[in-house]
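Take this structure first; my questions come after.
Note that the chains take the letters A, B, C, D, E and F in the order they are written out, and that residue 1 is the start of every chain.
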C-alpha cells in the first residue's frame, strides 16, 4: 500500500474548450479531479507511492473516474463503489479581466453518502507515512465528515503525519452542522495546517493581528499543529498572477519571494500543487525553506498545465525553484 | 404563445465522440435534450410554433440549456428557473453488436422539484391546439406528476388535443408511487396514446391477445382515448434497424411497411421523432395512414442525424415517406 | 415585437482555428455575425427584447444563419428570405505583432439586393424604443441604403431614438454613390452618432480642431444629433490593447479612463459591444458617464470572448465597469 | 510544363464535420476542389505531370487555393490571379436514406470573369498530350466558355487528345446562352466524350433508343469523337452504391461489372476519379477494357476517401481493378 | 505481482483521424499498444491482475507509454527503461474495398535492444499463473529472442501455463536468424499455441492436410503443446468481416459459428482480443467450447472499439457469446 | 531548377495540441520540417524558386513528407527515396516559466544513410545562386557530412554563394567524428556564416574577446567567409522573448534593436526564419542593415505562426521591419 494517503471527493471536471463560454460550448473536455486527489497525483508523478480514498458510483462513469486516477499513478485499490452519482463540476476558462467560472453539481454524490464503516483503515494506512485531508470533505455530509475524522484518528494512532487544508466554502455545509461544529476535532489531530488568518478567525473564532499572530494562537488552541502554511496570490488578471507562500514552524515565519505567472493556462488546482510540493519538500528535504519554495514552484508550474493535476517531474519543479524561469526550449 | 405545447425534463446530453467508450473519452459532445422537448424541436423545424414547459437551475448551465431549445426554434418563455441542478445523461454510441449505452444522472433535478403552482396554464396554453406529455414525467417525482396532471386537465378544459407517450422505465418511480397509482388519471385525459401491449398490461393490468385487443380494451377503460399508436423496431445490430408503426383509430388497425435504416448515425430520439411526425400528420393531413407513415419517415430520418432532435424540413421527411430513400446527392 | 431594432447585413464568419493562417487551416470555425446584429445579440443577453432586420438566401445556409441569431435570443421574425447569396467573411486571428486579417466576400449578397418595399415598418417597429443602423449598410447598394433610410425615417416618425455608427470603409461604396451623397440624410434623422473627427471630416467635409470641435460642428449641421460618441484604442500589439471612450452630450465632454486588455482572445466585434453597452446604459441608467463606462467595459469583455457577439450577463459587465478586473475565479 | 492539362473552376469546399447538418456545424472542413482539377490531382498522384488552368482572386484565399492544388502535385504556374471572388460550395454529408446536400455559391467568381486573352496557350500546352474540359465551364459565363473553346482549339491544332465531360446542370447557364448554343462547337473538337443518352438528347437534340444508339448518332454528328463513355450508378442509399461503366469505341460497346461500395465515406468527386482513371488507362494501357475497369476502380476507391480528390497510388487502383476488394490490412 | 504476465514490444500507435489518408492527416491519434500488451489490457478490464514486461526509452515518451498501460490497469512495475527509442507504427484506417494500412518504424527500439539480464524473473513471475508471448518478439533481435526464451523457461520451471501466438511476419527477422532457428525452442515450452497450418508448415517444416492434421503433427513434435488454436476471418471488405475459431485439444476439434461484424470501427487488435478471451475462458471456465466462443465474442467486440485494446466488461463479452448481438441501447 | 538550394534532414514533427504535456496528448499535430527546409519554405512564400535536397523512406510517410514541402512551394524533384525510416521529433509547447520540450528520434534516418553518389549536383545546382547548409547535417553521419561537403564544393565551383548555420548540438556527432574533424572543411567553402563566439571557440578552437573579435579571427582562418551573423535572444519566459541580430561584414559590425515578441505562439523555427530573411535581404536589397533587420522581422513574425515554417508575404515582414508592430486588424 501507499506511503501517502489522501481522502476526498473526486469530481468529473467538464471544461469548455479554449475560452468558450458555457453557452457556446458544443463539447466539453473531461477529466476527473478533486483537491486531495490532485495532491496525490502530483506526488505520484514525483515518484511517491500514493493512494486516494473516495467513493464512486458503480457505473461506467465511476469506473472511468477511477481509471483516470490510475492513469496519474495513484493507487485505487481503496476506492469504494456504490451510491447514487458522480459529483460534477463545470469550468469555463477566463482570460484578461474575465475570471474563470465554476459551477458545482456535487450534492448527493457517492462520496457524500459514503459509509465510513466500509473503510478498512488498517489496510489503507498499512505503509503510510503521511495522510492528507481538506476542509471541503467535512462540509459535504455527516458521513464524509465521519470518514475524514476516522482517517485522521487512525493516522494519529499510527504516528502518521497529518496535513489539512482548512479552507471552507460558506456555500457548502448544508447538512445541519457548521465548520465550528466539526473542524476543531479534525484540526486537533493535524500536524500541518494550510490556512490563512481569515480562515482561522471564521472557523475557530480566533481573532488575530496578522498571519503570525494567528498561527501562534492556533498552535495554542491545537498543540498538535506544528506548522501553519499559507499562500498569497496577487491576481493582476485571469491571465497574470503573482504567487508567494508563508510557513510558520512555531519559531520563525519563513516566506518566499513572488513568482510571476504569465500567461496562466489553467488556474485550477494551483493550490493543490502547492500542497503537494510542500509535502514532498517536508518529506524529502531537510530544509523547510526549500520545501516552501518547492511548493510555490510546483504551484506556479501547475498554472501552465491543462487540467487540475500537476503533471511534472521533480527536476522540472526544482529548476523553477532555483529560479530557472526563462522558459527556454529543452532538447 | 405556441400552438403545440410540450412538458418534460430536459437533460444535458454528454456523448462520447465517435464510437469512444466512456473510459476513452477526453471530451464529450454536449447538447440539451429530452423526449418531449425533442418532439417540440422537430415540430418547430417544420414550421409549427411550439413551446416547452420545464424547469432549469438558475445558473449559466440552465441558461445554456434554455438557449439551446431556442436555437431549435422552441419558445422558452414558459420555462421556470430555480432548484438544485440540471439533469444529465451520458451517452456512449455503439456500433455493430455493441449497443449504445446511456447512464442517467437525473435525480433531484430542477424539473423534478418543480412547484406546479408556478405554472400559469392560462398563459401557457393561450394559443395551444395540442399538448404532449410522456410517462417519464410522472415517474420522476410527485411534483412533476402533479405538473403533468395539471397540464393535461388544463388542456382538457380548453378542448386541446392531448397526446401521451405512456412508456415507463421500471428503474424510475422512486418517490413512493408506482405507475398504476398515477398513470390512469393522466391517461384518462389523453386523446392519442403511444404504447404497446406490454405497457398497457404492466401499467393498467389490462391483459390482451395482441396489440389490437389491447387497444380495444384500453379504449374501454379510457373512453377519451381515440387513437393508440405503436412502433415496432427490428434491431439487427446497433448499426442496422428496421422500423414500422401501427395505429388503432377505434375502427381499423393501420400499419406501415418496414423502413430499412443502415447505417444508424444516432439512434437516440428516434421514438420522439416518430411522435413529432405523427402529431404533424394528424394536425396537418386529413389522412391517418399518411400521418403514420410520416411519423415512421421522420423517425428513420432522425437515425441519420447527430443529437436527439430531428433537424429537417417537412419536404425531406415527405420525400422519404414517398419512398425516396436512394440517398442521392441534392444540389 | 422587440423594443430594440437593428438593421444590417449578417455575414457567415469563417475563422481559422487557433492562430492558423489561411493557408494552414483545414477547418474553419463558423458563426454568423454583423456589426448591427452583434449589437442586438449583446443586448438580448442582458434581457432586452431585440429584433434584427436583414435578408438571407432561402437556403439551408440562410436558415442556419437566422437560427444562429435566434440562438443569441434575437427575434428573427422580420428577416426576409430570398436573393442570391449569403455574405461571407474570412478571419485569421493574429497575435503579438501579427494583426488579424479579414477577407470579405459580400458583394451581391441577399441583403445588398433587398427590396425595401418588402419591409413592413409598422410591424417591425410596433414596440420599438430604439433603432440602430451603421454606415456600412448604405455603402453596400442603393437598395440597402434605401432600406436603412426608410427605417430611420419610420423610427423618426414614431419618436423612436435612433443611433448610427457612422464609420465608413473606403473600399465599399461601389454602386455609384459615395458617403457624401447618402450619409447626410441618414445622419439628419439620428440622435446618437458614433464617429470620430476623421469620419466627420471625410464624410461631411467638416474640418475641426479636435473631437469636441467636430462634435459641436456636427450638431450645428445636424440639429437632431444630441450625442456624439467615440472610442480610442491604443494598439500595443494584436494581443494587447488599451481602450477608452468619449461622449459629447452637447454641453460637456465625458470620458473614461483606459482599460487594459491583455491577452485579447477575439478582437472582432469590440466596437459593436461598446455600442450595445452604450445603448443599454442610455436606456437603463440615468447617468451618461456610467453609460459610457458600461460601453467600454462591455467592449473590453468582448475581447475575451470568441466570436463577434458579446455573450455576457449585465452583472459581469457592471463588475468590470466598477473596476473588478482581477479575473479571480467565480465559484 | 505538364503532359496533362485541365481547365475549370476550383471552388472552396466547406463541408460539415461527420454527418452534421448545416444548422449544427460550428466548424466546416475546408479544401479546394473542382471537377477538372480533381482529374488533374488524381493523375498527379499516379505520377503524371499535370497542370490546371483557372483563375483565383488575388487574396490570401486565392493563394491558399492554389497552394492546395500544389499540395496535390498539380502544376499551378498557369493559374491567373484577379477578379472578384472565390467560388464556394457547401457540403453536408448524408447517410442511409438521407442524401448529401450541396449548396453552391459560385456566381461572379474570379474564374467566371476570366479574360481569355490572358491565357498563353503556347506556354500552357507546350508539353501537353491530353487536354480535359467539362460542361460546367461553358455554363458559367461567356468568358469561361470562350476560354474553354480556345483551349480545345489550341489543343486540336497541336494534335493533343481532348476529353470532355458533357454533363450540364440546368440551374447554371444564366448568362443568356444555353447548352445548345455553345456545346456543339466544343464537342466538335473533342475525342473522348463522357455523356449519357439523356445528356446527348438534351444538349444536342439527338433522340436515341439506348446508349449505343446515342453514341452512334453522336459520332455521326461529331466525327472527331472517337469514344463515348458513361457510368451507371445504382444508389441503394447514401451509404451504399453500385457502380459500372460503358465505353463505345465506334465499334463495340465495352462494359464492366458492378462494383459494390459500402460504406461510402465521401461520394463527391466519384465521377472525376472515373475520368482520371479512364484517361490514365487510355494513355498508359493498350487495352480499352482495362482502361474502363481502371476508371471504375478509381471511382470506387474515391468513395472511401475524404475530399473531392482521389489520393492513391496506381497500384492501389490496379489491385481493386483485379478484384482485390477484401479490404485486408496492408502492412 | 500479477497472475498473468505478458512480454513484448509496445509501440506508439499514430493513426490518422477518421478515414484520412497519411497525406491528408494534419493530426494523428496517439495510443500505445502491442499484441501482447493488448492481451494484458483486455484481461485487466475483466478483473485479472496482469503485468507486462517490456522496455521503453527513459524519456517523456517512454514514460507516457508506461502510463498508458497503467491507464489500462496493467501493472508496469517490471518495465525497464533505457535504450535508444520508442517503436512506432502508423495506421491509416480503411473502409469498404480500401484496406487499412500500417507502416512500422520499430527497428532499433528500446525493447529490441533489451538486456535480458536486467529481467528479474523471480520477481516478475512471483504470483503468475499464465505467461504469454508472441512470435514477433524473437523476430526483432537476438536480445528480444533471449528475453522471450528466458521468460518461457522461467515459467516452465514454476509450472506456469504458457501460451504463444506463433505468427511470423517475413519482413521482420533481420538480425541473422530465421524462425526455424529460434521458434522451435520457444514452442517446446509452450502449452497453448495459436497458429494455423501455414504457420506450422512455414516455421517448423511440418506439411499437413488441413488444420487438424497440422495440430496432431505439431503435438508429436512438441509434446508440451496441449492445445492448438486458430481463427478464420472472412474479409468481405474492410468494413465487414466474419469471424470464427477452432481449438484442437489433442482429442477433438472444437469450432464456433461465424460472427458477423459490420461495420468495423477498428480492426487492429482483433486477434489479441481473441487470445485474451481464450485465456480468460481457459482460466475461468471449465468448458473449452465456451472459452473458444468467449474468445471469438471478445474479438468481435474489439472490432467496434477504437484503439488496439479491448475495453469491455466480462458481462459485455458474455452477452455477445450468448448471441445477444442486436445492439439495443442499454440504459 | 531552383535559384536557392538547401540541404538537410526533414523530420516528421509531432506536437501536442495546445499546451498539453506528452502524457496528456491523445492526438499529435503533424507537419514535416527541418532547419534548412524551413529556410527554403520561407523563401518560397516570398516568391523565390527554392529546392530542398534530402532523402525520405519510400513509403506513404516519406511521400507525405515530400508532399508537405511541395505544399510550401518548395521544389521536391531532387529528393531521394529509400533507406530505413523517417526522422521524427516530438514537441511539447510550453508557456510562462515552462519551456517547450523536444524529443528527437532521428538516428538511422533515410537522410543519415544517404548515398552521396546518388546526388546529381549538375542538375540540382543548374540555376542556383545560393546554397545553404547547417551544422546538424555533418553531425548526423559520415554519409550526410559527405553529401554536405559535396554540395558546398559543387556550389563553390559554380560561383554560387554559400551560407552555413554553424551551430552544433553536442548530443549529436555519434559516428566517430567530432565537429573539429569535419566543420573546418565545410566552413572553408562558405561565404556567410551564422555563428556566435561560443560556437567559434568550441568548433574551431578560436578564443576571442567578444563577437567582433571572434568574427575577425574566423575570417583570418577562413578567408572565404565574408560575413558572420548572429542573433541574440533574451528569454523572459517561454511566452515572451526579445530578439536582435548582429552582422559583421569584415569592416563594421551592424546590429538591430530588440524586437518584443509577446505572446509567442510557436518558438520553433525562429532561427531558420531569421536566416531566410537574411538571405532574402542579401539577395534582394542593396543594404546589409536592411537585410539584417528583415531577418529579425521574419524571425519575430515566425514566433506568431504555428509550425516550423514562416508562412508570410514579403510585405508582411517588411511592415514589421519598418516598425509596424501594432497588430491592428487588416481588412
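Everything below uses one rule, namely that contacts are C-beta pairs under 8 Å (C-beta built on N, C-alpha and C of every residue); 3 or more make two chains touch, one makes a residue touch a chain.
Chain identities (UniProt): A, B, C, D, E, F = Sugar kinase.
These numbers come from a predicted model, not from an experiment.
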Tell me, which chains sit next to both chain B and chain F?
-> A, C, D, E
Can you give the shortest number of steps from chain A to chain F, where adjacent chains in the path must touch?
-> 1
Matching residue numbers in more than half of the contact pairs is the bar here; say which of A-C, E-F or B-C clears it relative to A-F.
-> A-C
Starting from the Cα centroid of chain C, hunt down the chain whose centroid lies farthest away.
-> E
Chain-centre distance (mean CA atoms) for chain B and chain E, in whole Å, is 46
Whole-Å gap between the CA centroids of chain C and chain E = 62
Rounded to the nearest Å, the gap separating the Cα centres of chain A and chain E is 41
Residue numbers in chain C touching 2 or more other chains?
-> 21, 23, 26, 67, 101, 263
Give every residue of chain A touching chain F within the complex, in rising order.
-> 259, 261-265, 300-301, 303-307, 311, 316, 320, 324-331
Chain A residues touching chain C - in the complex, by the definition given at the top | 18-21, 23-24, 94-102, 104, 169, 171, 235-240, 263, 267-268
Note which residues of chain A are touching chain B in the complex, please.
-> 14, 17, 21-23, 25-31, 59-61, 63-64, 67, 84-86, 88, 90, 92, 101, 103, 105, 107-108
Contact footprint of chain C on chain B as seen in their complex | 67-68, 70-71, 73
